[in-house]
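Presented sequentially are two complexes of subunit A, the first with subunit B as partner and the second with subunit C.
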Partner chain A sequence: MAASEANTVAAAATGTSNLPAARVRRIIKEDKDIFACGSESLFLISRATEYFIDSLVRESYEFSRLDKRKTVQYKDMAKAVQSIEQYDFLSDIIPPTVSVRKPATTETQ
Partner chain B sequence: MSDYEGGPANEDDLSLPRATVYKLIAEMMPEDIVCAKDTRDLLLECCNEFIHLIASESNDVCEKEAKKTIAAEHVLTALQDLGFGKYVTEVQEAYDEHRKQQTKDRGRKSTKLSQLGMSEEELLRSQELLFAEARMRFQSQTSQAPSNDSTPASANSTH
Partner chain C sequence: MSDTTTIEDLDFPKAVLTRVIKSSLPENISIQKEARHGVAKASTVFVSYLAATANDCARESGHKTIMTQDVLKALEAIGLGDFIDRLKADLDAFAIKTKEKKKVKSTDEDEDIEDVEDEEEDISVVMDVADTSAMDVDDTESIDTAKRPRTE
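Let's look at the complex of A and B:
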């Protein structure tokens, strides 16, 4: 485990989140259908979001590496979103870049 | 409890604090790779969407159980249902620690009062006694005051 992961792991060990609870709560409350959210649930959603960031970052930089780049770019994240089913909800925010799709006519099976 | 923390003035711009998320991203990246600025901002937006997604799904689970407040179990079920089951095991560890912390805090708060060794009624009674004593002291002081001076009323009447 890299030293850089210290913060996220430390937070998990002490039962805290790196994200400010009040802000997360305000974001949740934007949904008018939600009546109330307990503080424990708030904490779980915060932690889950941190793991989400971790996952998306990892998957994105794998594509950067494949392309032999040292900087994670939009297209890497776009590919990550496309390749993972759970990230379908992000397809509106990160529409796939055109270059990812190869025209079907040029390919033969 | 004040929620004000210098956040965005406009509710529509509501998102997680940039600096915090940027720091997390930096920690999660390997030594030799960096994240482009616009990609970091994009990730920030993704976080918002994620929170909305989980909250909404948790709310659905909550409503199905005819409850009004989203509970921890609802969130865990929602994560499973949305295909984020692998987060559940990791979140579980933090959750257990969190609950331990909560009970520790609650325990600390209650010991302050119990350390006095008196029940609430006893505390009230001792408070009443203290007030009564203070009252008596005050009254005896005011009743003693006139005898110290020569009768002011008769002195004034000659004018």
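Let's look at the complex of A and C:
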């Protein structure tokens, strides 16, 4: 995976996160198997998510570049998810868009 | 799906995500709406995924509360060990910030920062000292922390 530049929002070690803590907390609470989470852990998860976003966006952009585009499109992200092992958990969240075709074998309209 | 709220309804605010996304791209590069949407969904799922993995690490280590070590172990386990160095720096900065806030409050119960690591009380998910500018202060859950004086 590409190393991040030190000047991104995600990379500033200020002891604060750009993501709202309450929202991170709510997401974690959805998981009934989780008993409790320390405040430092919550902060770390928040920051890790920022690094993850940074990473996902950069990897997606690589595909935009290959296509010589200046707009990062969904399909770039889908390609990134497909090609990077650490993103396997996203395969259902960011699936490749498949064009819908009428099945050739069964009855036609 | 029985709940009305699913994990995918808990997106981060658009403005926040846009900011983080933009800082990861060169100035002249834009991002399509659908891709931004993908980032939103992916972020929420990531939180969930990391937290669940960290929870497993916690259980394996014999404790119920997710500790920072569990989060770091979890990152290693999911192949994102690259984040660990930066996160350790984040932790240090967070500890300093926490200390500063406590000095400002100047409570008599001068809690050692080191003790935070040992807290194994039954606290449902808590964020004690976050920089409030980064927080949605829309929810004020009652938090059962015996140690921390609750002052507004």
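Everything that follows uses one rule, which is that the second predicted complex is superposed on the first by the 84 of 109 C-alpha atoms of A that agree within 3 Å, B and C clash if a C-alpha of one lies under 4 Å from a C-alpha of the other, contacts with A are read in each partner's own complex, and residues count from 1 in each chain.
We take it that contacts are C-beta pairs under 8 Å (C-beta built on N, C-alpha and C of every residue); 3 or more make two chains touch, one makes a residue touch a chain.
Only a predicted model underlies this, so the values are computations on that prediction, with no experimental measurement involved.
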Practice prompt. Determine, for the superposed arrangement built on subunit A, whether subunit B and subunit C clash or fit.
Written response: clash
Item to complete: State whether A:Leu90 touches subunit B only (first), subunit C only (second), both chains, or neither.
Response: both
Discussion item. Looking at A:Lys70 after the superposition, I want to know if it touches subunit B, subunit C, both of them or none. Which is it: first, second, both, neither?
Written reply: both
Response to the item:
Footprint intersection on subunit A (subunit B / subunit C) at 4, 7-8, 11, 13-20, 22-28, 30-31, 33-38, 40-41, 43-45, 47-54, 56-58, 60-61, 64, 70-74, 76-77, 85-86, 89-90, 93-94
Worksheet, complete the sentence: Within their complex, subunit B touches subunit A through residues 3, 5, 7, 11, 14-17, 20-21, 23-36, 38-39, 42-43, 45-56, 58-59, 68-72, 74-76, 79, 82-84, 87, 90-91, 93-102
Fill in: Interface residues, subunit A side, partner subunit B - complex
2, 4-8, 11-20, 22-28, 30-31, 33-38, 40-41, 43-45, 47-54, 56-58, 60-61, 64-65, 70-74, 76-77, 85-86, 89-90, 93-94
Worksheet entry | Residue numbers on subunit C that touch subunit A, as the complex places them | 5, 7, 10, 12-13, 16-17, 19-21, 23-25, 28-32, 34-35, 37-39, 41-52, 54-55, 64-68, 70-72, 75, 78-80, 82-83, 86-87, 89-98, 116-117, 119, 121-131, 133-139
Worksheet item: Which residues of subunit A touch subunit C in their complex?
Response: 1, 3-4, 7-11, 13-31, 33-54, 56-58, 60-61, 64, 70-74, 76-78, 85-86, 89-90, 93-94
